[in-house]
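The letters A, B, C and D name the chains in turn, as written, and every chain counts its residues from 1.
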Amino acid sequence: MIIVMKKNAEQGQLDDVVAWIESSGYKANVSKGVERTIIGAIGDERGKIKLKAVETMRGVEKVMLILQPYKLASRESREDDTVIKVGEVEIGGPKCVVIAGPCAVESEEQLMEAAYAAKKAGASMLRGGAFKPRTSPYSFQGLGEEGLRILARAREKTGLPIVTEVMRGSEVELVENYADVLQVGARNVQNFALLKQVGLSRKPVLLKRGMMTTLEELLMSAEYIMASGNHQVMLCERGIRTFETATRNTLDISAVPVLKEKTHLPVIVDPSHATGQWQFVRPLAKAAVAVGADGLLIEMHPDPDHALCDGSQSLKPEKLYKLMEEIESIAKIVRKGYGQKHGLHQS
Amino acid sequence: MIIVMKKNAEQGQLDDVVAWIESSGYKANVSKGVERTIIGAIGDERGKIKLKAVETMRGVEKVMLILQPYKLASRESREDDTVIKVGEVEIGGPKCVVIAGPCAVESEEQLMEAAYAAKKAGASMLRGGAFKPRTSPYSFQGLGEEGLRILARAREKTGLPIVTEVMRGSEVELVENYADVLQVGARNVQNFALLKQVGLSRKPVLLKRGMMTTLEELLMSAEYIMASGNHQVMLCERGIRTFETATRNTLDISAVPVLKEKTHLPVIVDPSHATGQWQFVRPLAKAAVAVGADGLLIEMHPDPDHALCDGSQSLKPEKLYKLMEEIESIAKIVRKGYGQKHGLHQS
Amino acid sequence: MIIVMKKNAEQGQLDDVVAWIESSGYKANVSKGVERTIIGAIGDERGKIKLKAVETMRGVEKVMLILQPYKLASRESREDDTVIKVGEVEIGGPKCVVIAGPCAVESEEQLMEAAYAAKKAGASMLRGGAFKPRTSPYSFQGLGEEGLRILARAREKTGLPIVTEVMRGSEVELVENYADVLQVGARNVQNFALLKQVGLSRKPVLLKRGMMTTLEELLMSAEYIMASGNHQVMLCERGIRTFETATRNTLDISAVPVLKEKTHLPVIVDPSHATGQWQFVRPLAKAAVAVGADGLLIEMHPDPDHALCDGSQSLKPEKLYKLMEEIESIAKIVRKGYGQKHGLHQS
Amino acid sequence: MIIVMKKNAEQGQLDDVVAWIESSGYKANVSKGVERTIIGAIGDERGKIKLKAVETMRGVEKVMLILQPYKLASRESREDDTVIKVGEVEIGGPKCVVIAGPCAVESEEQLMEAAYAAKKAGASMLRGGAFKPRTSPYSFQGLGEEGLRILARAREKTGLPIVTEVMRGSEVELVENYADVLQVGARNVQNFALLKQVGLSRKPVLLKRGMMTTLEELLMSAEYIMASGNHQVMLCERGIRTFETATRNTLDISAVPVLKEKTHLPVIVDPSHATGQWQFVRPLAKAAVAVGADGLLIEMHPDPDHALCDGSQSLKPEKLYKLMEEIESIAKIVRKGYGQKHGLHQS
């Protein structure tokens, strides 16, 4: 941590800050420049957020942190890419994995049709929500456990592993009985109680970035899960909230290479929620593969016009088939050496 | 709902949209303009979010909603201001209510000192967190139930009602045993499971706006609580996330008059979390009173330099005393007719 | 334009609004719904921004515009893609065009080295700034006309057309004497005086989106240029300002397909300014090609460590060579039918 | 400047960075911590933006600047508040100055009516645009020099000094012949050519913050004007662009105390442009006075329903009369010691 003193800070104020640093178990290194005196506080600053309180001390202009606040999630702690196995599927490896399916499980018929279409398209996993977080209390809230049972039957029929959302800590146990991957939704990315609970599960977690979450905060949320014991976390970029309203959210495509530099965890992109409009899903899916995403989460519905949820962003099956070919061609060009040493696919 | 057809939409496409609207139980009103045909779908559109799926239909350019998606929270459903009573304290009435106290309950000694200082300053309620949502899993997470007990003892000694955060649906019952007002934190503003649970409580709820929540979404979250049966909701503006980093968040002061127009619920402002720096709390608190806020949530700590949490934004007791005088003088000028008909204090 | 009346609007207020619409030369179409009366004002609303003043009339809840405010730039006014020719180079055609070069012209030596490297890499045009807009008055402000002369000599030697920025209306004539394409920088995107001036030029214009410009505003700025007579406008996405600070700006990759839907003008992507860090330029350049960009603007410097401007985001020549191969492979997959009917490459 | 080396940086890389710092005329101070080596580059870093190029050097993790990049505008360079005199009016002194008038000069009749109303209300200066920056090329662009002449006649009649916008460097001379204060609009805040030109004028400048401008960038733009010789700059907060769309822009009220801490220049608030809706102007104007603004810029129009520009945000004269009383009462409470030593009105 670096503490910058005000230009006119007095010696006594400097002494107070040094004393405070040392009483907190750090070593102080004072450096007097032409216009400013700066103090380095040497030691591990993570978890010592209270150190920031030094900002209120007299004579202090600003405090700058040096280290990233996460450990387990950082590329430093593990140089090789993490590859997560779900049955036969590997996320973070040489293949760009496609997870397809409807926003919500609406009925057995609807989900089965979607599942067979996903299978036919060549998707690797099936998604579908049984518990739905909805902005309005008057919207469809999901089928609950019955939805989970339908998902399990779809897995039986198609062999596709199931990704589904869990919304409450108290429901983690229920959901992990059916699901292969637990999804934590964008609005729960800082629901720390839930993060701790999925951290106790042995099922991999797909953690969606909130629309207001910085990449550092996303990695801190992954750290919550990992610190609870579950290291199988895949991160998912799904658009952030900005001033631009032409698309529902703004897909932060740069998040992929930035995350690949900072962490060893796999990174997935969800172009459907990012844009909210099906006609932009295809170009954005291609961009996501080209930028280096390890997987895609794509909403697909057999009958989008009659979907109970997010129909406007869902692809019809035939559009997905077409897109899959392009995804594979681009993946061949850009994914060489993935799932190995980080150094191989950077620079 | 208004549906705008594309310039070159065909008659068949128009017919399909009209058929779809009518099959959904609405009345269609087609109006052909010079460059566009628009269709009005007449009926109550709330809770029918699936209607938006019409956006995917061929020939449709865009869909515009007419009604606000919330009902119970809207000024339309209740013209008079809601006044919430907590013991002797009235929120939403002629007085601008100050809720003061530390970010977290750290010890009995610290909280008692803070409580007496809040009392001396003339604050109406005491705040303090027993369960703390923290971005880092390595930060202090609160004293839990022991913190609640300390808060209750402070109430006994000072007579000040207690405002404290609840983070999990499963803990609502525990927290309401001790607290007078349940706080839902900014990161949980769309934790719908929690909102439903506090909606079943009979204790008033202080609902904080998330740092990237629109005012409409905030009102939808209030609607969740109200739809579950609890109409005693106070809204709290605490800063939104923007590109500006000079303050931790950007206090959206306009939120106060906008909310007063749209809803009958009381509106509180938290200048401490908004700025993250104690020296800006005083001017912003004054601005909040002047703009018409029904209350203020102010962090105050007997010893900010040694606070376990958010010390840099906490006022020392003596600064609070001084501020209270200014707050009262400004409130006298601006708060005439509050807590009565909305019409009295607008225009 | 649609005018929504308040729930409790009186008949007299409705009559006033109708009278106002008709006195403004529009036709009013009143539709009474269950909860709201809405009025359609039929007629061309573009350029009649004063119509929005109806929002202040008593009884009016809100006003919604139906038409896009731009005409010449809209896909409606021209269905086919605009292809801009600069010498042999076609922007908006089947090839994804790469414009490479340093941020600023620093010396003849530096620019020549860069120009030969761009040529060798297979870039189609050379970029370089002679007039530099700089946030600080103490930063290097460019070589001015001497820089333009150096650029012209580089064109002579390499045959590459020149793209360079013009900052003042009074300098347009000077710059167009040397340049093949006039660049309008992000900070000048709403410098309407400058837009009108480049609209009088016969040289194509590369218009950069501002970091807080909506796509609609960008198209309005293009409309300024086109309304002045110059229809050869290419749009450039270069990152927008958001809350995320991991990259300098957030590349709004979705802007490409959104713009391709709304306008017939070519769309370029500048990954260098978007991220501000060279190591992210390569993945983002690939994403931009995959998403359908008609061209790329890439900063390349023979010696980034000693660049006078934006060294940290500049590629070394050898990195550009490598990137060009990938760009071409991806372009082959995604650019079929470009530069023809819009309909060919959407769906 | 502080350079943080990567965890695994090699000694040779460290040596290279040190050599580079020293060859650039700075002194390097190396400090080895437990996990990171950091290097302080001691010397005046302003205007040496190229130093940031060190970020591209091998082994470097990040670079952090210590000093503010502005000098003349900083509170450090001048501890006392700057008070700007325009005739009898003092901006930055004990009075909170109100500048009122219509968005645009539309006719002599309209402006005279507005001017007399401003005078009657007790406003100190008159605003009105003769050159209008408009997003659409089809909107009213102002009366030009004829508008300036009308403004001058209004000054003659009422004695109120005139504030009006200048849009082009080449028009500064013309505008300063008529105006008492030159306004630089939000969209021109980084039109560096214009900033330099008004810096050569002897008339005070009202510099509006852009909707995308950080406070640091705003101060850098003020620095451009001051570095050209004109130190009479007043800053104007007028709302920033955020994700919230309930108001046109989000008034960043915190900007006032933040700027008062960082600079000695007066700070004005424009609540009319910030919100875009007249009914929010009154509460926000009161908030602006309470937070410590030195002045207010308020749009007022004798007949808002028929305004050619921004009618929806303009107050009618009688609403302004009422507001002025409240402004004065609040100013009495909060403005003690203004226009003197900074220290008097902080803490």
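The definition used in the following text is that a contact is a pair of C-beta atoms (placed from the backbone, for glycine too) under 8 Å apart; a residue touches a chain by one contact, two chains touch by 3 or more.
Bear in mind the structure is a predicted one, so any value in this text is a computation, not a measurement.
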Inset, instruction - Go through C-D and B-C and name the pair with more C-beta contacts between its chains. - result: C-D
Inset, instruction - Would you identify the chain whose Cα-based centre sits farthest away from the centre of subunit C? - result: B
Legend entry - Geometric centre distance via CA averages, subunit C-subunit B, whole Å: 38
Legend entry - subunit C-subunit D separation of Cα centroids, rounded to whole Å: 27
Inset, instruction - Scan subunit C for residues touching two or more other chains and write them down. - result: 212, 241-243, 245
Legend entry - Footprint of subunit B on subunit A - complex, ascending: 20, 46-47, 49-50, 52-57, 69, 133-140, 167-170, 187-188, 190-193, 196, 210-212, 217, 220, 223-224, 227-228, 241, 277-278, 304-309, 311-312, 314
Legend entry - Touching residues (chain side subunit A, partner subunit D) in the complex: 2, 4, 7, 29, 31, 33-36, 38, 40, 42-44, 64, 66-67, 76, 241-243, 245
Legend entry - subunit C to subunit A touching residues, read off their complex: 212, 214-216, 240, 242-247, 250-258, 261, 274-275, 279-280, 283-284, 286-292, 319, 326, 329-330, 333-334, 346-347
